[in-house]
Every structure is written in structure tokens, then in C-alpha cells.
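You will see two complexes here that share chain A, one where it goes with chain B and one where it goes with chain C.
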Partner chain A sequence: MTTTIDDIQVSPAGQQFPRPIQEGQQHVYLHAGPFLFELQAVSHTAAANLEIQGAPASLLLGNVSDPRLRVRVPIPVRIVREGNTFVASFDAVDEFGYGQNRSEALEDLAKSIAALYFSLAAQNERLGEDLKSVRSRLDQYLERRLSR
Partner chain B sequence: MLVCDSIITEAQTNKKTLVGVFDTWHVPQTPFTIGPFWVYIKMTDATGKYIFRLKLVVLDNEKVVAEAVTREVEIKDRLSAFEIPLPMPPIPIPEFGGYELQIYANDVYVGRSVVNVQRIVGG
Partner chain C sequence: MKVREFEILVNKLELKTRDSRDRHAWFEHEGTVFTRTKRSHGHGDLPQHLIRQQLKLSEQELAGIVGCTLYRADYVAILRRKGIIKP
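Moving on to the complex of A and B:
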């Protein structure tokens, strides 16, 4: 069942208080800005299926959490679980991140990638061929951020 | 990305006021329905057409509790910031523990905010 925009009560302050979503139910909202969100509650059955299938083992990373760097091309990341530790890896430059959950591992990896970028940039004139190759691969994914 | 009780938008200036920013829900038992609440997202350095996806997941096992997807939006100025104030309805939460709001732009992971669900202690 889909709730249309007309079904939603909007307060004078612009707040919206739709009825609680239920499993599998979809709602459509219109915001004051340009964004139109469609919200769905995932059923517990569906969640159980996700657990059986496992969370995605790879994803694309679009942010390395360093304000000096911009991701030009999304970074492909593999994530595996080794015991109680999650390991996120960026295979192209052989960098890893570790954490107690996927997001911590991703954040650790992002910091490692940013640190590697600046480390190689600082030593650019003295890099051997292997590290020049790593730097070249990093440059495909990252660039220094512009500022006004 | 911030989670709060409400967001007030000033009509003439479009300024946002976030009321009641928090990172923990205190509930008596689970499963429990939390909210409504708001999510405030501010981003920059985007240009082109995007579909944004917001997921609320269980931190330990990435079980998806709720998911919101935008229609395609075009952002023209990479150097400007844009805001997404998102009103969230009450959502059924399955268990105590850590949860995460994850934001994706065109299925690329760009950020997160951690929220906790804890049992109310005392009377």
C-alpha cells in the first residue's frame, strides 16, 4: 500500500507526522527541498534472509573522511570477517582497515588510504617504480579538494 | 549527519534549526517502535544526478531495519553544500544495541551516524 502526499498531515512548522510504518509498507514524502523520499520498513522476515545471505562482501566507498581529499572514482572495497574483526581492503593499493564492525573497518581503511596518498605525495621525488605505480593508481581514485 | 527530534525551517531564509539532537533512544523493551524523528544530512562536493539511499541497520550484523530512497536529483554546483532534512516516521526496532544510519549516493557509501537503543533504567 502506498500513502500519497495528500494523506500526510503537515503542521504549520512544516513537520510531518505520518502513521507508523509497518512491515513491507511504503510511504511517499515530499520535502520543502528538492528531495522526494520513498520509505520502506523492511520486514523481519526479509531481515532474516539478509542474515542468511550475509551483508554485502563488497561496496563502493565515496568518502575517505579527509577534508583535503575528494574521491574522483568510487573506491572498490572488499569486506571480510575474521573472527570478531572485520577487515576492509582496497586491493589496488594493498591497503587494509580493521574494526569491530563493517563501518569501523571502512573508516580505518579510509584513514589508511588518505595517509598513504599524502605520504607518497610528500616523497614524490624519491619514489621507486613500485611506489610510483601505487601513486598513479591512487591518483585515479583521489584528488586534492578544490576550495573557494 | 545528525539525528534530532525536529527540524524547523525558517521560511524566508531557509535556515534550519535542529531541535533535540540525540544519539540514543531509551526504551522499556524490544521490539519497540521508536520515533518519529528527523535526520539532517548536509553534503558538499557533489555534481550531477544522484539517487540517495538512507539505511537504518543493526550495527553488529548489518540487518536492514528501514530504508529510504530518493528520486533522482540533480546537483549543479560542486562547491556548494546542500541539505537533506528528512522526517522519519515511527519505526519498529527489533533489539537493543547499536544501529547505524548509512547514506549512499548512487549506491556509493558516503557516510554514517551511529545511534544506540538502550533499556530505560530505573523508574
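Moving on to the complex of A and C:
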């Protein structure tokens, strides 16, 4: 039996929202853009609540929210909670994003990665060795889309 | 890290900045860009350890800069010692 879910809204782990559940399978995987979440139904009533559990502490990012860039290799992201702030980090290039929930942190990170890519490209001739290495690592994950 | 402390870093290290969606800051010495960091314009505490990592600073060194016992010249010496600025 398959759980029916319509128009799921991505939420941070622990937040509840009403959604009719017909029956069945407890675990549903929601792939929303570059994000993958695991949902577990906690009730089988007609107007049951869904509680998001097990939001991943690490995942792969496939989109940096910039139409000029394409992700060649999925970007490994670590997400931690620090007090009231969620922090998502791409450790290979020391870049991070943060926000009030995982989604905000991931979106902030995605945009920061894109901004870093173009910033380093613009300053390429003036970069020290360490930042040149960062640029080189970024090039392994990202490439510019060809303009049509 | 609070926004106020981030701005102290910017001022003490004389970081160059650019404001767009985020506030980007980078350290230049003799025409070369050696480190960079950023903060968002949104709410919430900034992840201090990650900003430290971007600026190649230890906890103690960061505290020194924010606490006004270390300045830009000290930062240059720190980066030289760590091999980020090569002779």
C-alpha cells in the first residue's frame, strides 16, 4: 500500500503539517529540487499529521541556484544545527551558508558557492596560492553553462 | 559570532568589501588576495569557526583581533607564519 501525499511542502525536521493519509507505507522519500528528505507517517487516519524525521546531516547538492553555472559533480554538504541557526557547509572550499532552517541554510550555501566561483574568477590574476587551490577545487564541481 | 564582531574584523584587518546579496570581504596584501569571508544580511549568529577557517585564524587569534590586541600587521605575520603569504 502506498501513502498518498499531495503538494508536500519541505519543512525542517520536527515541524508538523496536516496532510491526508490514506494508508500504508510509513517511509516516503521526497526529492524536492536538490534536496532529499525522508518523511515518516505517524498516523493512518484520514487527516493525520506527517512528521518529518531523519532529515539528513549530509547530502549532495546538485544545483547552485545560478543559471550561469552547472554542477558537474554533486557537491557534498554537511548540515549542523548551532543553537537557533542551521549551518550548511561545503568543506572542500571552506564555504558555508546559514539560516533559520535547513532549507534556508542550503539555499544560502548554494548562492554563496556561486558567488565564490565568480568572485574568484574575477580576481584570478591576483589570487594567492591558497585561493588558487580553492578555485581549482571549485572547477572540479562547477562549470559555466554555454550561452546559447 | 555577532554581526558587530564581524564588522570589527573587517575594520581591524582592513578587509575590502562588496555588498550584494551578502557582504563579501577579502584580505589583500601588496595586491594579492589571500583570504576571504562573508556574512549574509539576514538574521542569526554567524558561524564563527567557519569564518575563522576562511580567514585562517585560530580561536585565540580571532579573539585577539576582535578584542583589539591584534591588528592588520599581526594578521600579515600570522599568514606568513602559516605559509599563506609566502616570502
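Assume the second predicted complex is superposed on the first by the 96 of 148 C-alpha atoms of A that agree within 3 Å, B and C clash if a C-alpha of one lies under 4 Å from a C-alpha of the other, contacts with A are read in each partner's own complex, and residues count from 1 in each chain.
Throughout what follows, a residue touches a chain if its C-beta (ideal position, glycine included) is under 8 Å from a C-beta of that chain, and two chains touch if they have at least 3 such contacts.
Note that the structure is predicted; figures quoted are calculated from it, not measured.
In the superposition on chain A, A:Asn101 contacts chain B only, with no contact to chain C. In the superposed model, A:Pro74 lies in contact with chain B only, and not with chain C.
When the shared chain is aligned, chain B comes close enough to touch A:Gly62, but chain C does not. Set against each other, chain B and chain C differ in how many residues of chain A they touch, and the higher count belongs to B.
Contact with chain C, but none with chain B, is seen for A:Leu131 once the two complexes are overlaid on the shared chain. Interface residues of chain A facing chain B in the complex, by the touch rule stated above, are 13-23, 27, 29, 31-42, 44, 46-47, 50-51, 55, 59-63, 70, 74, 101-103, 106, 145-148. Within the complex formed with chain C, the residues of chain A that make contact are 82-85, 87, 89, 94, 96-100, 104, 108, 111-112, 115-116, 119, 123, 126-131.
Listing the residues of chain B that touch chain A in their complex gives 6-9, 14, 33, 35-36, 45, 52, 54, 59-71, 73, 78-79, 82-92, 94, 98, 100, 102, 105, 107-112, 114. On the side of chain C, the complex with chain A involves touching residues 20-22, 24, 26, 28, 31-36, 38, 40, 42-47, 50, 53-54, 56, 84-86.
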